[in-house]
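In what follows, structures are represented as structure tokens.
Next come two complexes, and both contain chain A; in the first it sits with chain B, in the second with chain C.
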Partner chain A sequence: MQLTVNGEPRTCETGMTVEGLLTSIGLDPRKVAVERNREIVPKSTFVTTALADGDVIEIVHFIGGG
Partner chain B sequence: MSFSEEQIRRYARHILLPNVGGTGQEKLLASKVLLIGAGGLGSPLAVYLAAAGVGTIGIVDDDTVDLSNLQRQIAHTTDRIGMAKTASAAQAMQAINPDITVHQHRMRLDAGNAAELFAGYDLIADGSDNFGTRFLVNDAAFFARKTLVSAAILRFDGQLSTYKPHAGGPCYRCIFREPPPPGQIPSCAEAGILGAVAGVMGTLQATEILKELLGIGDSMAGRLMIYDGLSAAFRTVRVKPDPGCPLCGPAPTITHLQQPEEAPACGLP
Partner chain C sequence: MTETTVAATGADTFTVAGQTFSSRLLVGTGKYKDFEETARAIEISGAEIVTVAVRRVNVSDPSQPMLVDYVSPKKYTYLPNTAGCYTADDAVRTLRLAREAGGWDLVKLEVLGDQKTLYPNMPETLKAAEALIRDGFKVMVYCSDDPIQAKMLEDMGCVAIMPLGSLIGSGHGILNPVTIRLIKEQSSVPVLVDAGLGTASDAAAAMELGCDGVLMNTAIAGAKDPLAMALAMKLAVEAGRLAYLAGRMPKKMYADPSSPLAGLI
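Moving on, here comes the complex of A and B:
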């Protein structure tokens, strides 16, 4: 299936979860939030949320400066 | 409450606004806001909220003004280097508006003092510079059932949201469950921040605080605003309460305030 991740097209296997996508990109799930089609995916569902063809994903990085 | 002649002139441009008016200005004058941090975000917050006539403003910080702060922390001045940031910010606030009361809390927020401190205010504004404090502020605001307007900055980027789990919205932990692993995050000093980005985000944060106090417009509760300064682009995404949230979810594992570990400042690429 075809996703858009941070504005770039990306082909992934069908049924890939949010957690799986992060692993395939090499990102530690503890360091990011994930936005799927303009909505934050609850962290407790990273392992269970299956992505769908056409999903637009943005990785939201943790920033804590003030 | 009746306005003095001077107050009518000072707040005239607010009183003119149909959504504010005299009633709204009275609300602001009766409001108490606690600012966490007197730095890059705390500076515009302090100045704009004081100018707006938020009647009582508390400011928490344990640091002193340093030369390297002045590139963005506009409440402070070169001749106040070495002064407590709380005192310097209070001076800036009183200079722009002697009509308000400023409480200086020169301390580091911790699990032992947060509850008592938060109890004295209507709304909490997080402009702190480290994850440990950010999670502590979120948890303390949750337990105190206070609205939290939170912003964060790094490099050319900013994030902003309002957390009102007591009114059904998500909390900070619904987005970022726990502090990121230590040792993987560059410090503020390493990562840098474009000074004006602090002004953009701090001023947006001040706007959201004034809206919450006045009860006008659309709250940022349930939404996260993300600012990319290099692209000059904003986007706003929806955030729902996480049913697995360890704090505000139906089966919480965090049931009292915990002292954060010393977490590194700022964020990551």
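Moving on, here comes the complex of A and C:
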């Protein structure tokens, strides 16, 4: 299925979870927050939230700022 | 002089949203050469609260070092900001993500007006503050140095009022000490000068006005020697605070000799 992750198109297996997506990218799920179609995905549901074709995903973290 | 003064006890703490801190210097984590320098400068500044921004992860290079690996959220209180947000909706969205990423509800709200001045857009700031407070956030708010709008933000439930001294990153210091003083006098929540400070005397001036603290980033990160400036700022904030508590002498028109006139030969 086709996703948009941080503005970039990305293909992944059908039924992949948020946790699965983060792991496949190589990200530590504890260090990021995820928004799916503009709704926050609580960290506690990363493992159970299955992604769907066409989902728009934002993955953010903390960077230096003032 | 009793032994209960700050000079004797060193006890002078600062409380925001029920959390008590001993440092009145809050620092940003941006613009440093690298994360090592960021971590070192913050350590030297003695700051306990650090502001951080929320941005997209670079998914094409996830192995890049992360701020949290150098500036531990266990050691410092992270204050997520909304830098780069120009609408209330963007600011609220950003802080909801920040809360999910870190689990904290103490945040720095800033809604900007334009890219040239980064001056706060106050109508959007008020709108965002209202939405965030309704959603359970504890909002420290970057705002204009307008006492009336500062009061609106306080009445709404913001936990700290943070007027700009001058434009973000400009280093002009406090351009209108009178309005900063007016805001401090009317507020029952902490008032911190956020933005515009350039050097140690600017930080001391903010504290001498009676402000509860200062928040800065570029003044330290943009100095030729950021580590030395971090220490200068720590000392300036402490000195300014002590001077405020001590109560300065009144200004006089004419000279007043320090040596007694009696017994002159």
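Everything below uses one rule, namely that the second predicted complex is superposed on the first by the 62 of 66 C-alpha atoms of A that agree within 3 Å, B and C clash if a C-alpha of one lies under 4 Å from a C-alpha of the other, contacts with A are read in each partner's own complex, and residues count from 1 in each chain.
Throughout what follows, contacts are C-beta pairs under 8 Å (C-beta built on N, C-alpha and C of every residue); 3 or more make two chains touch, one makes a residue touch a chain.
What you see is a predicted model, and the numbers here were worked out from it, not measured in a lab.
Enquirer: Using the superposition on chain A described above, determine whether A:33 touches chain B (first), chain C (second), both, or neither.
Expert: After superposition on chain A, A:33 lies in contact with both partners, chain B and chain C.
Enquirer: Is A:63 touching anything from chain B or chain C once the two structures are fitted on A? First, second, both or neither.
Expert: A:63 sits against chain B and chain C alike.
Enquirer: According to the stated criteria, A:44 is in contact with first (chain B), second (chain C), both, or neither; which is it?
Expert: Once the two structures are laid over each other on A, A:44 reaches chain B alone.
Enquirer: Once the shared chain is lined up, is A:25 touching chain B (first), chain C (second), both, or neither of them?
Expert: second
Enquirer: Which partner, chain B or chain C, touches the larger number of chain A residues?
Expert: Looking at chain A, the partner in contact with more of its residues is C.
Enquirer: Which partner does A:8 contact after superposing on A: first (chain B), second (chain C), both, neither?
Expert: second
Enquirer: Share the list of chain A residues that count as touching for chain B in one structure and for chain C in the other.
Expert: Residues 31, 33, 35, 38, 40, 42-43, 58, 60-66 of chain A touch both chain B and chain C.
Enquirer: Quick one: in the complex, what on chain A touches chain C?
Expert: Residues in contact with chain C: 5-8, 10, 25-27, 31-35, 38, 40-43, 58-66.
Enquirer: Per the contact definition, I'd like the list of chain B residues that touch chain A in the complex.
Expert: Its residues touching chain A are 37, 39-42, 126-131, 134, 151-154, 157-159, 174-178, 180-181, 184-185, 188, 191, 193, 198, 224, 226, 235, 237-240, 242-245, 249, 265-269.
Enquirer: Spell out the residues on chain A that touch chain B in their complex, using ranges where they run on.
Expert: Chain A residues touching chain B: 28, 30-31, 33, 35, 38-40, 42-45, 58, 60-66.
Enquirer: Help me check something: in the complex, which residues belonging to chain C touch chain A?
Expert: Per the touch definition, chain C meets chain A at residues 28-32, 35, 38, 51-57, 59-60, 62-63, 66-68, 78, 80-81, 83, 93, 96-98, 100-102, 168-169, 215-218.
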